[in-house]
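The structure under discussion appears below in the form of structure tokens.
Letters A, B, C and D mark the chains as written, and numbering starts fresh at 1 in each.
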Amino acid sequence: MITYLEAIREAQRQALENDPRVYIYGQDIGAFGGAFKATKNLAQSFPGRVLDSPISEDAMVGSAIGASLQGMRPIVEMQFADFSTVGFNQIVNQAATMFWRTGVPCPITIRLPSGGTPGSGPFHSQNLEALYAHYPGLILMTPATVEDAYSMLLEAVALDDPVIFCEHKYLYFHLKAESLPSEALPVGRARIARAGRDATVVTYSAMVHEALSAAEELSTQGWEIEVIDLRSIKPLDTDTVLASVARTGRILAVGEAWPWGGVTAEVLARVATDGFNLLDAPPMRLNSKDTPVPFHPNLWGTHRPTAQTIVSALRDLLRL
Amino acid sequence: MITYLEAIREAQRQALENDPRVYIYGQDIGAFGGAFKATKNLAQSFPGRVLDSPISEDAMVGSAIGASLQGMRPIVEMQFADFSTVGFNQIVNQAATMFWRTGVPCPITIRLPSGGTPGSGPFHSQNLEALYAHYPGLILMTPATVEDAYSMLLEAVALDDPVIFCEHKYLYFHLKAESLPSEALPVGRARIARAGRDATVVTYSAMVHEALSAAEELSTQGWEIEVIDLRSIKPLDTDTVLASVARTGRILAVGEAWPWGGVTAEVLARVATDGFNLLDAPPMRLNSKDTPVPFHPNLWGTHRPTAQTIVSALRDLLRL
Amino acid sequence: MLQSAEMPRHTVKASDFSETYRRAFRWMLLARTTEEKIASVFRSGGKITGGVFLGKGQEAISVATGIALRNGDIFAPLIRDQAGRLAFGESLLDCTLTYLGARSGPMRGRDGNVHRGRPLEGLLPMISHLGAMISVVNGMLMAHRFQGKKNTVGAASLGDGATSTGAFHESINQAAVENLPLVLVVTNNQYAYSTPNDRQFACADLVDKAIGYGIRGHSVDGTDLGACLRVIGSAVELARQGEGPQLVVATNLRLVGHGEHDDAHYIAPHLKEMPLGRDSLAVAEAELLQNAWADSETIEGWTRDSISQVEKAIAHSLREPSPDPATEDWCALSSRHLAEGLSSNGSRG
Amino acid sequence: MLQSAEMPRHTVKASDFSETYRRAFRWMLLARTTEEKIASVFRSGGKITGGVFLGKGQEAISVATGIALRNGDIFAPLIRDQAGRLAFGESLLDCTLTYLGARSGPMRGRDGNVHRGRPLEGLLPMISHLGAMISVVNGMLMAHRFQGKKNTVGAASLGDGATSTGAFHESINQAAVENLPLVLVVTNNQYAYSTPNDRQFACADLVDKAIGYGIRGHSVDGTDLGACLRVIGSAVELARQGEGPQLVVATNLRLVGHGEHDDAHYIAPHLKEMPLGRDSLAVAEAELLQNAWADSETIEGWTRDSISQVEKAIAHSLREPSPDPATEDWCALSSRHLAEGLSSNGSRG
């Protein structure tokens, strides 16, 4: 069995092994192996290619951009996604605009340990995919499975564009697979995580598993819910979403991020504009509450969507 | 006649005059009066209360937060909205979370000279309202008129919460009014900028004027387009939007920002979820292109929506 | 409790150094006792979620900061400042209620552990982003200046690692330009999480940074309480007298893991043998005895007293109710009428 | 053109100082002539949109940076580096095509004026956010190290104002920790836009910052070409030999507005009378004559040559087509198949 976190480590090991242009840069990722151990033993196996950085997110990203212009393939680990706000400018203004301005690609991968876990609080739980997706020039990967964590990270490194890789901390240890895949869907293609008939849930990252539990529960009552795992939220696979809605006529978009804007708004806007006539009922969305992510597990459990709130939203949707 | 820019200056003068807690902080805003002259003569009239800052956006915002906790009402001027990315962390993680964490309000106003003008290029043209609106704890004002620039800025300073005030540079000198208002709609209420019958355009800031021109043109052909100026995009006045859609049955959301996410996605998602049955046709949206904002006027004019592209989108919408 | 009874908050500086030393020592003792208890509750499982970050070894520099401040001053502690918090006037209950996630704590379960604070009482609740609190202190001091409040001081704590942040630089420069009474206390405990100094900075001594900002720098042995009291005391005094920002760099060693999840195996053994590797609490106790400022019986009494205070605070806190999501106010704005989606239970913006 | 013919790019350092001085002077002259022409085209209206930011007075320090670099080195110029760009090897046409918004320029109308560059040739296209280019240079130097490329140097320009940015701090510290061959040339021209030094920093001299990073600092009179050539030359040499980052601080005065829209009325008159207020081009010309390194006839010839080059470049650029939105590729990704909305003409994401 291999965990989501181990898959990320394994992808990095592969990348280092197969491509001499790859190096990893981040706080405490060298001998220590990273705050979550995503780079455990990699510094030892690849001397000089897994480098501890100072606590300087802006310079971390800036230097990765420079190295990429000179032909390297840096992976930057943010200790937590939340700290990328201090490296924000380099990501959105330097990396994201480089190819368009100069014609020279900027192949960097920025790993963001994202999302909430109990007791992590407002500054170690954030889901920032919508921020980065808003900017032109970035690719946003949001793997929900062990297999995708592995294969998408390898693809992120191989791509010529800057990739924001949102890996979910809640899945690090919980989620396990038998083995790592040798094939994968191409980036930009969503996955039907569960086929259904009565309604479509479109989601990504950790919420895929909440949606699957919800679908499981409803199936005991005769409802067949289709669950779509977007895999990457930019590009966002509108075609797969629309094809599903064509089958089910109903859609609920679920995201762990805050309610204003974000993935659920983008999904519903696309479905409403391009798939209006496929809808048998008003589309719905479910996000976290519009407050910072709370520290206390009691509050945290209510702040984000869960299988239960998804079930209840789906009941509403099916009733409409 | 008074311009949009003069209205902003006048509001700041009023705020300084009426409230000893107000001060203004930003680069070159003192004796020099600011890059756009939004604070011209204010340092002279209010000695010691209009302070030049070092080129330190993070510390500018951080210090304003601190001062607000001690009872002041700081206004921070970013020289361009684009540079707020370097003060991003203090805005979204310190200011936006303060009240929720501590119960102590954080009344700061951050002025973002926003939006494109010809020749300003990728780093002096950005519309960042969607970024800030995604975070809980912030109020996002996007005035489209001289009157709103004035009255909403005064309200921003009076409010107990952090306000991101997106003033549009394209309107600074072009837009004029006879006089300043003594009354205004409350914050959070949208305005029907032009009443109509056949379709609703929902927009904000400089795009309101493009939409009005488009409506003007279509009215010569017998179409009556309702134009809604959101005024603030968070809170976003869904009620006014839905009431309009109830009348027209058709909606086009227009924004100058990038296409992934943003105001148009949020507006359409709300209309689709809460106003689905009001719609006679699929909703539509129009944004800028998904690239950085180009420098050359030829490109710039095509990158953002204009009266012409709005007209053509509306023709499509009316045909549906 | 000792805090309110025997040791009034923000006592005016005792003319008698030994008296100050004793007071400081007692806060250190209380801090250590508190943190040991917190750690043991954490290890026993189930009661404390989230990280537990301790200040073991850093009590001397921390308490010296807290004790040098007085009513009306500002303090922005970081993760290793239990001693300084107590000396500044934070109640022990604020600490235990927050760690235990009680609804009645100052953060009401919304944030936890070291993130607590009370801004209206001058105690800032840290956000996690390192370096971000300093400019907030600057702004509070600017407000004091606008308001004609004189002779206040703001102190901010920082680690060696946090000196690499852009926020550190912008805010110390801002304080220098505005000539603010900021005392920035950098504790160089040789590591930032697992990262040693030589991967963090390249100057010979962090205090060398002061000259580049045109401010005064002070060095101090962070394991020596007496030195900390004197150096921080005079830095605070200089700031109070209008001499502008003061940078204090204390040298010591982190005697625990970065957090309680970390066994700190990476700490170079030779550092533990060096003078900087001493435990400031043990050093202070020895000093007390040697100078006959306290005898061992007195110290034992203080220890018993600390334990009893901590036990009481923990017991009280354990009985307090947790936050209840159903009655929680999910509103991030003070202007409630402008908040979105309050009634819709998260189902839209 | 002079650039390719008489002055090969990245000429190996002339052993003869007077020869280097002459070369440098000619680049300065060409830069000044270019900028004067750009300004006049701008003032005549209609041809140049956006800001025009000139380097008048800063040619000496800028050219000294460009000329000290050689093939394989990196240069990150800022807004006042026309002279350094030319000396580094940027063609005059890259400048004029960009200012005139030609489709055939390196930025293809997507960005303008001083934002041009060619990263594959080591010339970085600046983004506006001050301080942001330094760490990019660091990364390019780290790449050289990974790739075993030896003895390359990266230079970045900065103003006094930009030293207040967090990006400056993080990147100079990063270069120090990695011991990178970075030469950071800070031109203290007394103002950042309208903001004088005393509202920007409080240290006696910006070069004092070097010690706080553990790197070498150098001061130079930015109005004296000879001094600039020597000081930058030796800083670059030190970096090349593995001595780590070098901070050079040049002192001068901005002799124009911040941009051509700015009359710079705020510049304190007494500064103009001080030695730092001298025009480095005039000083260099006087020096050439005094040392008999060139006579006035030769200089006149150079001037005529500069004018003719500039006229040609402008004339050529004016004839070049503007970008055409219809044929423009609205795709921000190099991986086209992953771009969204390419066919939908902006009507959705």
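Just so we're on the same page, contacts are C-beta pairs under 8 Å (C-beta built on N, C-alpha and C of every residue); 3 or more make two chains touch, one makes a residue touch a chain.
All values reported here derive from a predicted model rather than from experimental measurement.
Considering the contact criterion stated above, the chains in touch with subunit B and with subunit C alike are A, D. Seen from the C-alpha centroid of subunit D, the farthest chain centroid is that of C. Per-chain CA centroids place subunit B at a distance of 35 Å from subunit D.
The mean-CA centres of subunit A and subunit B are about 30 angstrom from one another, to the nearest whole unit.
Inter-chain centre distance (subunit A to subunit D, centres taken as mean C-alpha positions): 40 Å. Counting partner chains per residue, subunit D has residues 107, 110-111, 115, 127, 129, 164-167, 170, 173, 177, 199-201, 331-332, 339-340, 348-349 touching two or more of them. For subunit A, residues touching at least two other chains, in rising order: 53-54, 56, 58, 82, 85-86, 89, 93, 96-97, 100-101, 122-123, 136-137, 234, 236, 260-261, 265-266, 269, 273-274, 284-285, 289-292.
Chain contacts here are complete: no pair of chains fails to touch. Residue ranges on subunit A touching subunit B, taken from their complex, read 82, 85-86, 88-89, 92-93, 96-97, 100-101, 122-123, 130-131, 133-137, 234, 236, 257-258, 260-266, 268-269, 271-274, 276-277, 279, 281-285, 289-292. Residues 27-28, 30-32, 35, 52-56, 58, 80, 82-83, 85-86, 118-124, 259-261, 265, 284-292, 294-299, 301-303, 305, 309, 313 of subunit B touch subunit D in their complex.
Across the complex, subunit A is touched by residues 49-51, 101, 107, 109-112, 115, 127-130, 161-162, 164-167, 192-195, 199-201, 266, 322-325, 328, 330-332, 339-341, 346-349 of subunit C. Chain contact summary for the complex, subunit D toward subunit A: residues 106-107, 110-111, 115, 117-120, 125, 127, 129, 132-144, 146-147, 166-167, 170-171, 173-174, 177, 331-335, 337-340, 348-349. For subunit C in complex with subunit D, the touching residues are 164-170, 173, 176-177, 179, 198-204, 208-215, 244.
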